[in-house]
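Two complexes, one shared chain (subunit A), two partners (subunit B, subunit C).
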Partner chain A sequence: MRDIAIVSFAQLPSERRADPRDEAEMLEPIINEALGKVGLTQDDVGFTCSGSSDYLIGRPFSFVAAVDGLKAWPPIRESHVEMDGAFALYEAWVRLLHGDIDVALVMSFGKGSLGSIPDVLNLQNDPYYVQPLGLDSISSAALQARALIDAGKATEKDFADIAVRSRRDAMQNPFAQVKGEFDAKKILKEEPYLASPLRKSFCPPLTDGAACVVLATAEKARAICSRPAFIRGIDHRVEANSLGLRDLTVSTSARLAGERAGVGKAKVDVAELHAPFAHQEIILKEALGLDSSVRINPSGGALAANSIMTAGLTRFGEAASRIMDGSAKRAVAHCTSGACLQQNLVAVLEAE
Partner chain B sequence: MTEALTAPYVLEYTYRRSMGPVIGRFLEGLRYEILEGVKTADGRVLCPPQEYDETGAPTTGEFVQLRPTGVLKSWTWVAEPRANHPRKTPFAFALVQIDGTDSCITHILDAKSPKELETGMRVRVRWAKEKRGTIQDIECFEPSSPILLGPVHLDFSVMPGVHQTAYLRGFEQGKILGGKCKATGKVYVPPRGASPVDGQPMDEYVEVADRGVLTTFTVVRIPFEGQKLTPPYCFGAIVLDGSDLPFYHLISGVAYDEIRMGMRVKAKWKPREEWETSVENILYFEPTGEPDAPFESYSEHL
Partner chain C sequence: MSERCAVIGIGQTEHRESRKDVSLPGLLREALFRALEDAGRTLADMDAIVIGTAPDMFEGVMMPELFMADALGAVGKPIFRVHTAGSVGGSTAVVASHLIQHGVHEQVLTLAFEKQSEANAMWALSPAIPFQPQLVAGAGGYFAPLIRSYMARHDAHPDAGPMVAVKDREHGLLNPNAHLHLTQTLDEVKAAPMLWDPIRYSETCPSSDGAVAMVLANDKHAKGCKNPAWVLGTSVRTERTFMAGRDQVNPGAGQLCAKDVYDQAGIDPRKDVDCAEIYVPFSWFEPMWLENLGFCDPGEGWKWSMEGKTRIGGQLPLNMSGGVLCTNPIGASGMIRFAEAARQVRGTAAAHQVDGAKIAVGHAYGGGSQFFAMWAVGSKRP
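Right after this comes the complex of A and B.
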């Protein structure tokens, strides 16, 4: 199997509203930045894949308009997933394995500010049994958080500590949206519940954002990047959609994806986990077998910026950046999708 | 940066969904208040019924009728409902394991406050009045308490006896009466049927003063079942002048942190026109302002 690496990453600063830009206008600067960092142009790209969801802005086929952000004439090889950009990265990785091209461009954008994200995400629930009840994304996550507390696996204090650490780390990340010194005791004392036991600080911010990653096969990667982040393993798994058929306190899909990706084969220096809700970090750490020696989400993670459809690709970009900048030798990148961690994509990235 | 142009925009999909033999049968059953689960190939029961279980295996098509009760497995309290929520007032989303099943149904749970809710509690279905063959034919779940209320109420008369009668009659005239022990000469308030010292009748009544020494006291700050007074209040033991045993009444007319042992107190009577045959003719005892009694003078009464 061909060795494939992440060689470049660019992202927009995450913000509550990315007005007045449209999707193409959000993508254009970061595509050029990501390609420019490794001295490539659109003409060098053999395959382009994007991840986004039309439901976020309510406009069907919005990803087609986003192709305007590329140089798409003469016609290019292009694909799209109605998923986070991390799943587009998976498709690009598969496409590079075909052997006929050596560079792929992956991008994603999310402009959730035009609609109501918690309500839009009810559309991922069962249309017969759950959608009519209006189960928003915060409430479904709260059912999971309560189950975790009832199982004795976590406390609200743990959730607060994760939120405080994430937003403190985000102070070092110029692209993060919610950052600063917060006090766990104050959060527990003063913040009302949005949906008990979840308080605002245990939930992700609403974010507009875009991200872009460049993948290259080994030889090309070494030629254009001093320290490529090689993808040593990557796998994704999905569980039943119905919350009532799952044990919400564990993530079997993340565990299996982590095992298949080879997370446990050697020491992990850093992990970028896509845990939109604080309690989900606890579930993911257990599922992936990450102990306290692993640096979790130095970027601040999804509690600091959670552009839907982009936050997962950003985890891949951030984890790869820790390899490329020399601060880590082996990193785990993770993306989730669906209610209560229904789908999980895990990759192991390594320096040579 | 240029100001962004925005305009309202509504997205609707007016889909019509066919339901098939599994979901269709379940939802049609709800219309008639019939709750069913479906059996899986490995013998489990799922409610709501699914066409495939979580392992991807098709379910058997064998339906099991269920009772409309279950156990609350997880819940979240929605204090401020969103526009798309099914209720305008606070409610809970819940995962409920219907009795006899191996999965959970997601639904809403009605309660007045999250204090009523606890994972593991029993809940029951509340059926909607008007049914349309949808998941909302279950209006919601509601707590189902295993407690049967069993109040007891019996009417009796109470008779205070000869000596207590004399004592209470005394209050009609604004007097506090004690009974004198023939053997020791000690005066007990209220009077007793027999002297505890020699067992002889105590039928000599003497009037004692409506003032005396506070020997000890307690400030009640916690509420309890059946409480008539609103906390905080102070209850004290008073040795009235001319008596030899403490008598108990409320202490007031003074800050609670100034009440002390040995304090001289006097009765605060109700207005005369409100007097009844009751010790409650005295509202409470309050400080007289006299110097405190020395400890030795009342230490035998503690």
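Right after this comes the complex of A and C.
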């Protein structure tokens, strides 16, 4: 199998509301920024893939408008996944294996400001039996957090500590949305529950954002990037949707994907985990076998900015950036989808 | 490319206006178990699932593959969701074939569906979009001016479109899976109400519930199969929606997509292709795509359609299954084209089989003719 690497990453500053920019206006600047960083133009791109969701925008074919953020003439090889942009990266990785092209562009955009995200995400549930119950995403995550506490695997203080650490780390990330010094004790004492045991600080912010990653085959990557982040393993797995069919305190799909991606084969320096809710970091660390020596989410993670459909690709971009800037040799990038970590994509990125 | 990819199993549902007898997962399971049975495989043999459907609003479920993961046998496996507008059925099959060709997986189940009766596609296609005029025209209203432009550009005889409708409905009578089984004469087609001039009601596709599934396999697994359809070439192309000088009658993206597939397959579209299933949601798109895909010169398409060259038994049979004009579960329509092309070269197309078909083309397009996906399949391993 050919070696493929991430060679560039660009993102918009995450904001609560990016109005009045539309999809094309959000994407166009970062597409050219990501390509420009490695001296490429859109004419050098062999394949383009995007990830987004129509239900965020409230219109069908929302990705069609995103194509107008591209030059796309002469016509381009292009595809779209109704998934997080990290899965678009997976499709681009597969496409580059073909051997006929050497550069792929991956992009995603999500505007959380256009609707009520927790309620919109209920539309991912079974339309016959669950959707009518109005099970919003915060409530289902709360069931998972409660299960974790009941199993003796975590306490509310653990959730608070993760939230505080994430937003402290985010102070170093100019693109993060929620950042600052917070006090775990104060959160536990003063913040009301949104859905017990989840308080606002344990939940992700609502974010408008967009991200763009450039992939290249090995030879090209070495030519345009001083320290490419090579994808040494990548895999994704899903489990049943029904919360009653799963042990919510573990993530079987993340474990399977991590094993196949080869996470445990060597020491991991840094991991960017897509854990929208604080407690999910605990579950993912266990599933991927990451011990306390691994630096988790130096970007602040999804607790600092969580543009739906973009946050996963941003994890890939951030993890790759740690390789490219020389601060890590081996990194794990992760993306989740669906309620309570139903679907997980894991990649191992390495410097040469 | 490290592996060859073959279609070793195909399954389709009964396509109807409303499949109220099955749920969404029930509809998909009908297609996927038929495909697995055809391939002599079980769900346990599948390494991954690649699924495509058109906008989620057509059913009212966001990313429906998530709630259907267990019903599709995907638990513990990868499931991947493609969405590229009307071309999605085609691009989904292309993604699935790449997973095989690049050695990521050995056997992949790919499927596509639409259950239009769960919601209202016309509504889902007509929302008020910020910064854009609200069209409320549906697909027919969008495409009618392009058809008029085609007719004017090539001085086409106005009967060409109606004759395609007659032909495709005749073909559909041969296909038990087709949604519409209509006997209609040219006069009857022309007497139907005009919806979007020049598109009459009789020249439009139906709204269907339906699903299609294919089992794709690498050399190792295809070897023991009786009649695999080998993938000879695949391609996708996209162009912008808004661009000065864009030719929507004969789009550049369609031309490039077709050329890419022929080059990969090493075939001449005018000599080597025995038949094709192309995406014709409105009758006039047959002559338009005939030209766009390089089967004939610009201006010749409408003549081909009128001369019967595209009938079974003609020079280049098109849409032997009855095509989109007889069956249109939107998200599945592209993959049905790909699957019907594969059926032809496998020799399993029953009453609508083209005798001795060895190379066939499957084609899908979407959006406002910006998105194209194609493959060529053959009975011989390349």
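FYI, the second predicted complex is superposed on the first by the 352 of 352 C-alpha atoms of A that agree within 3 Å, B and C clash if a C-alpha of one lies under 4 Å from a C-alpha of the other, contacts with A are read in each partner's own complex, and residues count from 1 in each chain.
We take it that contacts are C-beta pairs under 8 Å (C-beta built on N, C-alpha and C of every residue); 3 or more make two chains touch, one makes a residue touch a chain.
Quick caveat, the model's predicted, so the values are computed rather than measured.
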Given the touch rule stated above, what does A:Tyr128 touch, subunit B (first), subunit C (second), both, or neither?
both
Now for A:Asp119: first (subunit B), second (subunit C), both, or neither, which partner does it touch?
first
Once the structures are superposed on A, label A:Arg146 by its partner contacts, choosing first (subunit B), second (subunit C), both or neither.
first
Applying the touch criterion given at the start, work out whether A:Glu352 contacts subunit B, subunit C, both or neither, answering first, second, both or neither.
neither
After superposition on the shared chain, which partner residues are touched by A:Asp183: those of subunit B (first), subunit C (second), both, or neither?
neither
For A:Ser337 in the superposed arrangement: first (subunit B), second (subunit C), both or neither?
second
Touching A:Pro197, do we find subunit B (first), subunit C (second), both, or neither?
first
Classify the contacts of A:Glu219 with the two partner chains as first (subunit B alone), second (subunit C alone), both, or neither.
neither
For A:Glu82, decide between first (touching subunit B), second (touching subunit C), both and neither.
second
For subunit A, which residues lie in the overlap of the subunit B contacts and the subunit C contacts?
55, 58-59, 127-128, 130, 239-240, 242, 245
Contacting residues of subunit A [partner subunit C, same complex]
1, 22, 48, 53-55, 58-61, 63-65, 67-68, 70, 72-83, 87, 90-91, 94-95, 97-99, 120-121, 123-128, 130-131, 235-242, 245, 252-253, 256, 337-339, 342-343
Residue numbers on subunit A that touch subunit B, as the complex places them
19-20, 55, 58-59, 114, 116, 118-119, 122, 127-130, 132-136, 139-140, 142-147, 150, 192-193, 195-198, 239-240, 242-246, 248
Which residues of subunit B touch subunit A once you look at their complex with the stated criterion?
1-6, 9-11, 15, 17, 19, 23, 27, 46, 48, 50, 53-54, 73-79, 82-86, 93-95, 97, 103-108, 114, 119-120, 134-136
Partner subunit A, residues of subunit C touching it in the complex:
1-2, 23-24, 54-64, 66-70, 74-85, 91, 94-95, 98-99, 101-104, 118, 124-125, 127, 129-131, 235-243, 251-253, 256-257, 367, 370-371
